[in-house]
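What follows is a pair of complexes built around subunit A, which joins subunit B in one and subunit C in the other.
Our next item is the complex of A and B:
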């Protein structure tokens, strides 16, 4: 399912920036992410997607032990990565309250 | 799903089948659901491991040395008991490889090895394995290939040419050419057909076995049995994990301190073998008692040796 333009452009821009900060991932841009469906479409392997989420957990101040194995099927798709990032955002917010 | 839990080794007819054909299986180790969960856990560990054996993302060898789920897998009693039937009591795990085959990927060309040459293509290669004694058992070397996803024909299952372990069809000491043109002979980007001893011998004309497996099943084979794999024409990635075993009488990476493959150079400073059964009566190889993150191989081996047949 492709990311809806109206809601996710901001999220996709953030995702582009974050992906491009990870030196082990191929660089990408907004156009590529908007055209893509799966993470593999933009050159991110399954291990690369896990690494991306682990990096985001650390960015949000959470331990990589917080990685939920149930996230793995989501990480095949860019929409899924965005959902997982939002869940991480909520968890991080909960720890700050 | 009821999963077979045999830990008493191969049956006599299975041993005879192996002697004749060079491979035996498949055997069921995990249910398909268990296999998917275990591989997911392994992937998470590969990324989050605090003590990775190396930083290569291309040569992702030997992750059994740091990922607990893979450390446990290579020493599973259901695997080791069967290896004992062919190799005797004393067994080392010396290597593991991850073999993903993505949708659209080509098959792997036929190949046949015994010493697993190390080193850069075009340069003089050295054997990764040096055999110092004739085994009093069936063999001193085996590979176990476990499917962690469906590995049917359409996914790119393994293929074997039965009986080819009895004769050399390829000279593994010859260097291989890079950037293969023919996808029929694609061996990870190299042309293995160049190593044929008789260039007129056509492996594709031989009877072959297509080793279709469900996720969670494994096959045991001699690397000297000519083998390959079909292309993945499905929409699902096929995930295979190979764990490789030798007798302690075999010297591993003797005189080899690094690997150079696929444009990367990998130091073997991290390297050690895992004693999965019996004893090391030779002292040729460095043996680790724990994996790089503290998983206790000794305790696992002791648990395995006390398992009996279940069910």
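Our next item is the complex of A and C:
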């Protein structure tokens, strides 16, 4: 279980919303994500995590060329997914500047 | 002492019918069940090819091989046929192989089959053919990959790829002189199995031993990751492909991605199909053929030759 703080809660809420928008993933909630460390703990497989990131890239207006292979090991953990999402946010912001 | 060995007469034939991914009924449900979004551009979903009998494609490919390699049928001493899957019993398979060889008047002393390592079978066949040449048992080994007519529509949609039908053929030879523009020297081959992975399905996020496996093969070839012009690997869904090849150590410019959506995953045939579609490189360019399949790994390091001369 990860330590709670307001910024982390905000990120987790965003992640919950985004996961629940993906109809190919099992629905989840904030409590479940807070209690979990690995994406598998909330029913998301490694392939599902890849799909989640791919979908987030598309949401942010980026294409598949932005998929960084170094992300793969991170996707096993929820904190890793959050880090990847933040990096995607930064890249998307950079393209808008 | 090992001899110089060459890859010549490379040819492929895709399944006779091209179909689009959307023609597979329920594909979005199948992808959803595998926790994958139906995002065609990002996954690399596009066409796939279907045949009733891949030995028809293989027969055509072998004909092209003999012509482009400039080899007489009686110069083929060994034949290796490989497939990832087959619905044929031995006798039927044997009959089809014989029919193919009779068509082109090829009468090898030795015929072998390679199976059991999925998409790595073709690279395993190159390794086996190279050994036959090294031992002096053959000057020309014809390698044929026959992939297809095994899966239902729904069965073609895996959680990492869209399966397609094709056949590939080429010759592993001790003679470099050829008018074939797609002549390559085989610098190294390696096949390994990681028993902690075998039988456990496809591991997308595993980081080792892939990186060291390819590096070891390149070292044997006297090469390095930086010197590789292109890596020709499995045509699996784009994020998995770029992820896996990236984890091995290849950068994006080294990856050949075009055929993921153009041909789909033709199992063991992918690396050679990609090599051919890439086109002729500058003489001396070094390429890697790479395949992996549920704990099995295969790598071949090639150097582009100039036609009409030995490297």
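As a working rule, the second predicted complex is superposed on the first by the 93 of 97 C-alpha atoms of A that agree within 3 Å, B and C clash if a C-alpha of one lies under 4 Å from a C-alpha of the other, contacts with A are read in each partner's own complex, and residues count from 1 in each chain.
Note that in this section contacts are C-beta pairs under 8 Å (C-beta built on N, C-alpha and C of every residue); 3 or more make two chains touch, one makes a residue touch a chain.
What you are looking at is a predicted structure, and each value in this text was computed from that prediction instead of being measured.
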item	value
First, second, both or neither for A:69, with subunit B first and subunit C second	both
Residue contacts with subunit A in the superposition, subunit B compared against subunit C	C
Partner chain(s) touched by A:54 [first = subunit B, second = subunit C, both, neither]	both
Partner chain in contact with A:44 - subunit B first, subunit C second, else both or neither	second
Which of subunit B and subunit C A:25 touches, first, second, both or neither	second
Subunit B and subunit C contact sites that coincide on subunit A, given as residue numbers	24, 46-47, 50-51, 54, 64-65, 67, 69, 72
Partner subunit A, residues of subunit C touching it in the complex	31-37, 39, 41-44, 159-160, 203-205, 207, 238-240, 242-247, 252
Complex interface listing, subunit B residues touching subunit A	37, 40-41, 43-44, 46-48, 57, 102, 237
Complex contact set, residues of subunit A against subunit B	24, 40, 46-47, 50-51, 54, 64-65, 67, 69, 72
Subunit A - residues contacting subunit C, complex	22-25, 44-48, 50-51, 53-55, 57-58, 63-65, 67-73, 75-76
